[in-house]
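Lettered A, B, C, D and E in written order, each chain numbered from 1.
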């Protein structure tokens, strides 16, 4: 029973990781940039979700606004930040991205206060009992289901469709991709939009699960997300999902049984390093 | 400031010279700091703790380097980041290292305040000189080549892993040295002083200064470590401005301060020539 | 009396996943000879050179240099035993000059260990060798420029100069003439033959059959990972081998006639 | 078909090609030849939209395309097989062809792919390999095949025979003749001057970014000064 | 003017507490100035942001000492930064009054250090006493992995051992954790009578709400880190019935507390919390000392503080030899979305050490 519960909790956590990491994967896959500022969009999503829901009473509207605004902000980040830096070595964009993240964190703090926001009446908090007694919040179940669905869809799009091939082509050689009729900007805007909207989506979920959004809520997902894209072998949607879930479960058990030895971050990264020593190409990479 | 410069130069050796991005460099600062702090408390003179700190940091650096050899370049940043988290995670749980509470009341170095400052500056200057020398030596050339294309260097008969390890060893040992100074300077260290944020900060110093450029990194680290104090007057907006500047710097001068200076110099020369 | 072979390739097999790129290939390279390695696209020639230098690991079989097995040795150690590879796809270091690229190879003696490298600063000797090698392959004029902006033909020669600067016992050249026009190719082939005459053993991969026939003393032919025309090594005979003709030369007679014509010249030179 | 008027192009401040005027007749093969660094590749990449146009104009079908994005040019029917092949290394052979076919309706993919595979059977055997793992010659075939997948009206091929074995070179040249017969316009850069002269209708010779000779291929062949001085024949 | 130094986290993770602390300290200074200041001079609070980071705190403290030449200083910050700053003030012989940083080593730094709140171990022991007072035995111990949590846990375990309580399971979590699924599942299966969980409101809010959501009904005991209205806002209905051990009693009859609560509300428009009250207190204590020395710092101020006794919003305070205060610990309970008095814990177990432990 405890085993199942820990697993289930790991999967919930993993789903959130997956949603955040996906945007990172898309960006990394596309531009080979470690997009730390992505986590700011996650935070943005959380804030918008809470504020819109509190103002309008509709969670659905909260989700919609969070995703759309985060998506558009993602495109803006690409255009303003990364596009001009594509010719530079990757750590230039990394540092710029970190700078952007810090600035955003501070902006949230200055605009909305350091202590964060909460829902007036947090929705989806009812308990549901599944599979003979496993207790879930409604929100937890919905997180898992929607993550699986979205990622399944994206995975299909990425590998099975012309759009997917076009995206991948821009990775290998953007200039040549253009010479084969691919509009670079469109492809990249699309990726940033989708990835960022998912981060916003995740932000709303986290706000629902914790009933708290704070300026600093993005920092953990930002580096865990990076660990996950490495575990997943970089670039593949399916690998990212699996890696995120595995990491969620590892953390879930780890904090309980190894908590005395290592903290949660250390457990996650110890796992990452162990995996990389055995499989340098990541857990789920095509070799 | 001198400590930041030393620390940044040590990372620059690994990342700037040899092309191995490290996001966990603060761990080595931590190793040096803890060792120096504990040994000082055990009664060793401060000066004697420094080489020991370097040795230990360098040794562990080589171990981490060995592990990093296995992962592909893309993954290195994240692997080293993991090492950083692991370090903090381990230190947190060790009571003999003070656990969460850290180590405080580190005995005095015996140097006066200015004495200590001069000592740090001298060490930083020596490190800068060492970096310049390495850059000029054949080791620097090989580092440079490894940074650009390992495979090609192999075909030229270069033992790439050994050079990478050498870079790690020197870089982490110097970080250990910086750590000893750091512990002495603050008289108090705790696990949080060596976390991810520190690693990222020092990487920003290197990049903002101008990765690979010794002078650039020196200036970058000096300026950036003083920045928060200068910014006190804008109070609430301090970090916002800091983050914004970091971004703008990369956006408009990706080569860092080094590139900016070169550009300005060129421009004035051109203008001067015309006049 | 036949000298002991400098390089022995013994039953080497290379597999990439399910694909067998080289299938049990054996051949010898004699000291002082210029051996041509030819065969259709995708036959496994490049893979062969990479297996010899250790860039790819042979799944089976062994390679011996002067009687000493190279099995399991990493690339750099093989290079230090006297091999040098000039690759098909050129990869210069882009942010140092053409000359420095070559000098880096010339400095091999100083870079065997990091410590040794740390102790050395001067580079006059290496730069001298570098210039010499650049002149040898005919791109001395480009010495000070950055490789990033060089046209392909210059890069290919830079690649070769770099291999030469290692002063190898056995030089492995992968399509050095590609991207050169006939006159330039002819001149560079002549240089290769000269280098060979001065004592360096060479294995040459080339599709420019004309030049191959002119300068190579023996040919090894690969097709689909296997060695064909095993019994013959005289270039002219090889060209007449029906298996070779079918796999490699095809129906068009232009290439063939050119090849034969050059072969005649080669014979006359000799 | 393609009309370059006083074209200059280059990189940053550096001008690689000066005042090149060249006109391609529809349904012909034009050879662009010259020594290393003459500016051949630069010219092709400029027409494709990747090298900065510094002066003059590029007209295709009578329209000025000098300002269009590369992606627009391929839609108008200009395809390129560039120097260095520039394949999508992390994509399979088939997906490389698929990218080539993106400007065409999806339904045509199968047919076009089979045409390319018919031309280069070797690619058929390596369909699911990553392009980056192909041998040099295989890569060259794929680069040409990928360009053909766009169903271009004009194709530019840089260093056609580079790395190809004699048999495949022959094949390529007969394919070019076939394409020309089907009405395609071809701009060919090639070091193997013999081959160019034997197949081209028109020839343009570049030297250090300037045109040194332009005219019918037949005339070039018979101009012994020219062949000796610039074409590297002997 | 007489300058008082104040280091406080205005940015970074602790910025919310920093804001409260700043308001509290400002109020104390404003009130003193309204009454004519000290020795006819106005008081000036010199404020620097230390981001609650040890690294930032050192230059901040140095600046306060060397550039601003403050006569005394107040810490409105967390333990880490306060510890780092302490050494500098001690060396410069500038009295340093610490508001709410509870790490034991701070007062050990030297004789110029003063602390107005109960140190961590003491609060932990108070927690154990509360468990006993509630009549519970089997405790689930949840510890925040930082110096604050560790110090509390140490005290709690010490007290629990003395009182014969049983610790059913001990778990740790990190400062950045907000999702406690695994921990909650495990606690549920341990089925303790009561849960003693250290944390700040931003970790405790989610923790408490997740515990309740999973059907854990055992009472929860928190500490001063919970002491903020934000806690109730985040945890929502789940916060009802949660106990906290703290230093501010909102239902106190003491005039000092009542006026402070009212004044603070008037000045800022929001309700005071423990951090605000402690910072107000620390600042007031320092000002009281200055009054006695007529604005002089150094040795004189140190002696004035050591010998004085102070009536403050968090109780009547006097410093022992180690410059710690002995005072009762307030137990507040959440009722109808606000903190109310539950009980007061006192007794010999709450006596802070008066000299450095061996």
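One rule holds in what follows: contacts are C-beta pairs under 8 Å (C-beta built on N, C-alpha and C of every residue); 3 or more make two chains touch, one makes a residue touch a chain.
Note that the coordinates shown come from a computational prediction; the quantities given were computed from them, not determined experimentally.
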Labels of chains that are neighbours to subunit C and to subunit E: B
Graph separation of subunit A and subunit B (steps between touching chains): 1
For subunit C, the least number of touch steps when starting out from subunit A: 2
Most widely separated chain from subunit B, with each centre as the mean of CA atoms: D
Chain pair showing more contacts of the two, A-D and C-D: C-D
Subunit A and subunit E: spacing of chain centres that average the CA atoms, whole Å: 36
Distance from the mean Cα position of subunit E to that of subunit D, given in whole angstrom: 76
Whole-Å gap separating subunit B and subunit C, where each centre is the average of the chain's CA atoms: 43
For subunit C, residues that touch 2 or more chains besides their own: none
Contacts with 2+ other chains: residues of subunit D: none
Multi-chain contact residues (two or more partners), subunit E: 11, 145
Those chain pairs that satisfy the touch definition: A-B, A-D, A-E, B-C, B-E, C-D
Subunit B to subunit A touching residues, read off their complex: 15, 21, 67, 70-72, 74-75, 77-79, 81-83, 85-86, 88-90, 92-93, 196, 200, 203-204, 207-208, 211, 236-237, 239-240, 242-251, 254
Contact set on subunit C toward subunit B in their complex: 53, 55, 74-77, 79-80, 85, 87, 91-96, 100, 104-105, 107-108, 110-121, 123, 162, 166
Of all residues in subunit A, those that touch subunit E in their complex: 1-2, 5-6, 8-10, 12-13, 16, 106, 109, 113-116, 118, 122, 125, 127, 135, 137, 140, 206, 209-212, 214, 216-217, 219-220, 251-253, 255-256, 259-260, 263-265
Complex interface listing, subunit B residues touching subunit C: 133-134, 136-139, 141-142, 144-145, 148-149, 151-152, 154-160, 162-163, 166
Subunit D to subunit A touching residues, read off their complex: 48-50, 69-71, 73-75, 79-80, 82, 86-91, 95, 98-100, 102-103, 106, 146, 150
